[in-house]
Amino acid sequence: MSWLLLALLAVPLAGAASLTAPTFRERAVSLYGIAVSAATFVLAVVVAAVFDYGDAGRMQLQTDWSWIPGLDLRFHLGVDGISLPLVVLTALLSLLCFVHLAGHPPGGGRLRALVFTLLVLEVGMIGTFLALDLLLFFVFFEVVLIPMYFVIAIWGGRDRRAAAVKFILYTLLGSAVLLLGLLVIWTQTGTLDMVELTARHGAGIARSVQIVAFLAVGIGLAVKTPMWPLHTWLPDAHTEAPTVGSVLLAGVLLKMGSYGFARIAIPILPEGAAALAPWLGALAVVGIIYGSLACLAQRDLKRMIAYSSVGHMGFVLLGFATLTPVGMNAALFGNIAHGLITGLLFFVAGGIKERYGTADMVRLGGGMLRRLPYIGSLLTFACVASLGLPGLAGFWGEMLALLGAFRPAAGLSRPLFLVFMAVGGIGTVLTAAYFLVMLSRVTHGRARETVPVGPALASSEEVRVVLGPGEPVEPDATGTAVADVEDSGPAPSGARPPRAGRLADVTAGELAAWVPLVALTILFGVWPKALLALTGPAVQAIFGLGGGAG
Amino acid sequence: MHIVYPVVVSALLFSIGVYGVLARRNAILVLMSVELMLNAVNLNLVAFDVWLRDRLHGGQVLTLFVIVIAAAEIGLGLAIVLAVYRNRQSIDVDRLRDLSETGASGEAGPPEEPVGVGEDADREARP
Amino acid sequence: MIQSIDYSAIAVPLILALTAGLVLLLDAFLPARPGGGRLLGVVALGGVAVSLAVLVAQAVRGGERRTFCVPPSLGLAESCSFVLDRFTLVFTALVLAAGVVVVLLSMAETSGGRVPVGEWYFLLLGTLTGAVLLAASRDLIMLVVSLELVSLPVFALTAMRRYDGRASEAALKLFLVSVVSTAIMLFGVSLLYGVTGSVHLDRIAAFYASGQSAAPAGVGQGVTTVAIVLVLAGFGFKVAAVPFHFWAADVYQGAPIPVAALLSVISKAAGFAGLVLILTIALASQAAVWAPVVAVIAALTMTAGNVLAMRQRHAVRLLAWSSVAQSGYILAPLAAFAGVPRDAVDASVAYLAFYAAMNLVAFGVVMLVSRTRERNDLDDYQGLAFHSPVTALSLAFSLICLAGLPPGLAGLFAKVVVFRAIVDGGLGWLAVVMAVNTVIGLYYYIAWTARLFTPLSTGTTRSGSAPVAVAVGLAVIVTLVFSVAPQVVLSAVG
Amino acid sequence: MISVVVLIVLLPFAAAVAGLLGSRWPRGGSRTKENDRAAARRAAWFAIAPITAALLLTLWLASWSARALPRGSASYPGAEFWAGLLPGSTEGTLTMVETGSVPISFTLRADGLSILIGVLVVVVALAVQVYSVGYMRDDPRHPSYSAFISLFTSAMLLVVYAGDLIVLYAGWEIMGLCSYLLIGHWWEDRANSRAAVKAFLVTRLGDVGFLFGIFTLGFAAGSFRIDDVLSADIPRGTLITATMLLLAGVAGKSAQVPLQTWLPDAMAGPTPISALIHAATMVAAGIFIVARLYPAFLGAQPTLDVLAVVAAIGMLGAALAALAQDDLKRVLAYSTISQLAYMAAGLAAGSDKAAIFHLLTHGAFKALLFLGAGAVIHHVGSNLMTHMGGLRTSVPITFAAMTVGFAALMGLPPASGFFSKDAVIAAIEHSHSPAQPFLYGAALLTVGVTGAYAMRAWLRTFFGPARVEALPEPPPGTAHVFDGREAPRSMLWPIGVLAVPALLLGFAGVTEVDWGSALVSLIVALLGAGVVYAFWRGAPHQDPARMLGPFRTACERAFYVDEAYRAVFARPVLRLARGVVRTDGQVVDGAVRGAGRLTMSLSGFVRLAQKGNAQLYVTGLLAGLLLITVAAVVLG
């Protein structure tokens, strides 16, 4: 059955390749996209079905060919308890993105090129989670860069080019440093095979070298899961990316970084991890507080959601920093939960931006629950799930991370991690604060009547005058009718000005893309065993101890 | 005679050649100073050959080759200087500033067409 | 006593030289028909193809072939001047392959009528002969002569275009800097000869390995160091390493594009061959002296190249600085020679092979585009993807390869090989500098690639040219093969 | 048997899901008048039917438990009272979730204590659902309103019947969310929305402490099951820290002193919500938890002392604040804080029996008072007592019911309040904790002040000159106005039903009444009431609260605690947030952009050498070479 993983990669690649044939009509392209991604999703489900859940710790369905003996790089794929959920999540999110794309083509046009880019993106993402060879992981880790650059640069928002350049340069610097770390591991151990290296638990690498290697690999991965100081590319990339881009960026690309910690950094360099765990924990916790505070003062909805990702991934990194089975379980669960919930958030935010023509909370005014009741309630559901309400997926990731921080691994200083736990707790309160404040600014209050095309405010300065500078003035107080407000440059992102009167509420296409995410969030919230039973044995194997009360 | 004397003379000769290349404005005089540098090398080689009493006389063989190379280079150098003169009516090395960073991107130099058409004609007019 | 010459060993340079002669004769005696230029091109191409075939035959027969040897005397083994081993085969293959592409590009150039066809191909074949000879030479004299044989024709080729002030200016600059570097190198060679007392590389190595020195110890070591650095100068110029890089952009911009391609690939390959021969064979035991020098030069070269390329508006100048940066990446593994001798050389040669393929694709496309828009600004490439998608895609593929990002797997594996050699050799700081440089490099590569795909209202139809299209196709196919199966290069190299 | 408990918890949850998804189903989103009305009617049925079924099941469970034989000695020492009253207990585990360290077991457990509270919850919830049908007749969002109430009821029942601390925490948080959603029901007015956010955040802050307390207990006992936690011998130090942390959650949820500011603002929600959530059930959850884990609390005496002090301050402060409020609902809100402090005092004094007894009676009479207040507000159209007066004739049934309620609140003999409050006072009297005299003094004082504010509210609402001026039509979304007649039948029935336990529930504890302390507290209450009556008699138009003199505004603003919190916490956090955004823009992002600009300027600098002059190149070449040679020789 090992050809399954190969097929999982081959189908999207073939789909992308055959797309270059000129015989495609515009309409057929989006259907074609759905077909290919649906096929990939079916394959992913088959892999999940064939997977032997009793022995989730062992690497299954392995294919292992020699690709470049010179670099002794082997085309070694496999899946286990840690990577299976991520693969299925990637396939699902890609499919939902294509479904959403069919109903709501992005502004930049050129749908065929977009479908091609997204399929290549999907190959890169799935490849990263399947690769079991350090260099192969690195290759797939980088395959994602160019497609995501073009998704942001061509179909993005107003100043998309700068955001795309910052994204690709920042991430490339990260992955270059990651490569150095991987090469240090390779020179020390002589092998690139992750399964072998995990089994060795860092034997054969001196402690100081492990620290250097963990630092290099850690920085590379930290850029991708935005750890606090290295996160500034994320808000720009998210704000400018089209809806589909944001969903995949937040839903999957961030997970590749944290997956790297679970698969490479911690299992292969245990002593390095033990030495640097306090720093990782500290930066993670700072990330939580920093992200939450930054969200509290944001004006742009998508930018706020981007910063919320910094906060949530802070919890994931805290889970890793505790170096305990429960911490690792928490991080992996948090990964999946964040993927689902933030994916949904970005879908809804994209829908709002498409309807209102803007994502600026002040110009959205309020009263969305009155004008768009279904979209408003979906936004509320997503925010509540994201702030970690028990019974929804977001809760278990954060709670187990705090549980892990309550009693970290033996070598780590307990009072320090208790401080992290306390600060993390405060972080959850701040997370609740900024989500609810956003909800009360956007969904509550009285809706502003958008007057049909009035005097177009020429420059953004006049908009500032109308809305009042700086401090977001309560829209009700001004009571100004927002004319057909367009910033100076025409926004090629097809941000259609809000149509007069009735805005269309959620469409069938959107519902088809969003309901699976809602269902899965509830499922994993009510029944966390579905995921924990999967990652549990794999995590035990990593920490090399049978039971271990953690 | 101790080996140091010819080596020092050769080094001095080499330095004079270098000075000549850097200081002179006329391309032909620059070529002459390059010749000087190559002959300094020949002196050095012959001196070492005698000092080492090398049975294969590697030094002298190399000197011969260097002389031939120098000749070839001068021939070619003069040809290039001739071409420069024909195109730019001057062989002042300092005046050849058309290809440069600012030149290229600043006012994006006009495309080169054969003589009689466009820019080149009036550049020829300038001394 | 007459030295026995093994003609089968020197078959490749011999064929190239004879073809050069043949082309000159044909040009002289054939009546000046309009199609004449094309015939000479085909003859030149035939010559190169035949020599490639002979090379493949030699490679298949395998085994080392040596000629122009000096009989063993007073305790020293027989040392030969011309050796045909794996290293030489790889370099000759690389040079001839690049030669094929350059000849194809030249066909388009010579059809313009502003260039004397016979002389052009004669000089081109001369350069190829020089490069092939250099790869096989094992003594200083042959090294110097073949280096000159590579350089001199290029000066002439640069100045070949009639009535082109810029071409002649570029030629003069190239001539000046090259001649000075050669003089410096010769001075270094003379000092080296003075200290070691012999001209053959293996004998110099034996001298340093045995550790005795003619002059008193202190002076001898000082002179050796100076000698090494001066010799490095000559090759530094050919490779356009840092102190010797100033000429690159001006000459590439002034010269015709096939000559720029020649400079950036073939003369650079020759430079590296010479560098590797001298450093790793003659001065192997002196690695402690030259390794740090090469490391610093490599770091400076890649940084200067990338930084200068960042703000370029002119296509060829950008490719010039990019090739300076790439030669920095090729130099870097050599610095790790002390730690891992075999891997260092293999990494460097492998990267050179990858670089040659990628770079020729870029130059081919620039040649295609420049046939309609002479100014060759980056803006001319705006929206190219909409008029001629294949050309745009191949240029984008080559730029992404040069940047070292996955769709361009060749570039990625090349960089991984180099990074591995550096990390193995323990040069952590150089690895970090190179990492930062890949990011700076990506900035201008991605800027150019993005321009290709941004739509432009006015599109001009382009007149394609067959030979250049074939050249670009050939280079793209080679790069694709290197992307999918880099093992081809890695096993050949090492 | 456990399946009955599961059914009781799941029925309201099913009602919530049906209400949310099903009520508008066929006609979709078109919000016309008749669509809303039909959806409201269907939503009412979705809400009421399951809750009645849950009530019947709970009663049957209670009867089974009463008849069941006591299963051996109760699992923990403090349980003998409940075992006596309702000996039968049952427990069932759905599944064990292996987290990597302490496992979580999805367990439900029903014993004497939980069944009693379960009954209270279901009764009050049913009363409120029926009451809401009338109260929210033409509110467009009635389906979501009733669905959220069902969700809340299910969450509260989950807390009551939870056998595992994490499952309990889950119910705990969902309750918080439902209170947020329901307080912010009329979100058109931003003030309601802000009050809802405040309520959620303050309780969430307490819940963080609560979660950490659960962690401490869980790790000490090796499992989160309540039985394991109570039977494990946990070292005293850990027990104290754990219970102290749990206190944070209790303070948050039951609006005790440090975190009580959210409850008065929660009155922005519809009155039935105030009755159900902010009087009877949710706020009582904190007290229930302490009772549930009472053996652990008994083991940590310092925690009980802290609870005692907190309770003392809370009851007195809240009572004084209630005395000075003009808004009838805020009077009842502060009264709730004060009564909860009473229950906490009972627990601190060592008798969880008295506390729970007072919890039950308080649940009944406070819900009654709130529903009555709802009817009064409907009649008058405004919450403020200045707009009320002389209503005893125009709303006679409400008047009778609220009189019973106020009597119970003051603790007059026939009403249930008298017996339960007396039990608490007796417990405090006989307790021997160091804080006992301070607590006992505060308790007596509060009895007097309670008598005062109850009498004041009663007099100012139902007696004195009737005000007749018509009030302007309130903007849509505020309290609902009726046409002067008394509330409709669907609102009066719940008031009547609740009046019965408010009056008679006290007799359940009539056997242990300590007549001495009861008499003392009765006299103090009547004294307080008399003083207010005297002031009111003097000038019926004026507000008897003037007797507070200079402290009146302080009391009305609840001693400025709310403003202090906003100044100390809310505003600095927002300023910090803006600061973070600025630093992120300039410092962290600045460093990145700065690096880019630095490289660009470096490129500009290096390009200076490319002037085009060949001799400059050769000079550069030779200079570089010289430099390298010297460096190689010197450093070489």
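Residue numbering begins at 1 within each chain, and the chains themselves are lettered A, B, C and D in the order written.
Rule of thumb we're sticking to: a residue touches a chain if its C-beta (ideal position, glycine included) is under 8 Å from a C-beta of that chain, and two chains touch if they have at least 3 such contacts.
Quick caveat: nothing in here was measured; it's all calculated off a predicted structure.
Of the two chain pairs examined here, B-D and B-C, the one linked by more C-beta pairs in contact is B-C. Subunit B and subunit D have Cα centroids separated by 93 Å. Separating the CA-averaged centres of subunit B and subunit C is a span of 23 Å. Averaging Cα coordinates per chain places subunit C and subunit D 79 Å apart.
With centres taken as mean Cα positions, subunit B sits 62 Å from subunit A. The set of subunit A residues touching two or more other chains comprises 169. In subunit D, the positions touching at least two other chains are 607, 610, 612, 614-615, 618, 622.
For subunit C, residues touching at least two other chains, in rising order: 172-173, 176, 180, 249-250, 311.
Shown are all chain pairs that touch, namely A-C, A-D, B-C, B-D, C-D.
Within the complex formed with subunit D, the subunit B residues making contact are 18, 21-22, 93-94, 96-103.
By the touch rule above, subunit C contacts subunit D in their complex via residues 172-173, 176-177, 180-181, 184, 221-222, 225-226, 228-230, 232-233, 237, 242-244, 246-247, 249-250, 289-290, 292-293, 296-297, 304, 307-308, 310-311, 440.
The touching residues of subunit C, when paired with subunit A in their complex, are 350, 400, 405-407, 409, 412-413, 415-417, 419-420, 423-424, 428, 431-432, 435-436, 438-439, 442-443, 446-447, 450, 453, 485-487, 489-491, 494.
Those residues of subunit C that touch subunit B in the complex are listed here as 70, 73, 114, 140-141, 144-145, 148, 152, 155-156, 159, 162-166, 168-173, 175-176, 179-180, 182-183, 186-187, 189-191, 193-194, 197-199, 214, 249-251, 253-254, 311-314, 317, 374-375, 377. Listed in rising order, the residues of subunit D touching subunit A in the complex are 29, 31, 95, 97-102, 166, 169-170, 173-174, 177, 180, 184, 187-188, 190, 193-194, 196-197, 200-201, 204-205, 208-209, 211-212, 215-216, 218-219, 573-574, 576-578, 580-581, 584, 588-589, 592, 596.
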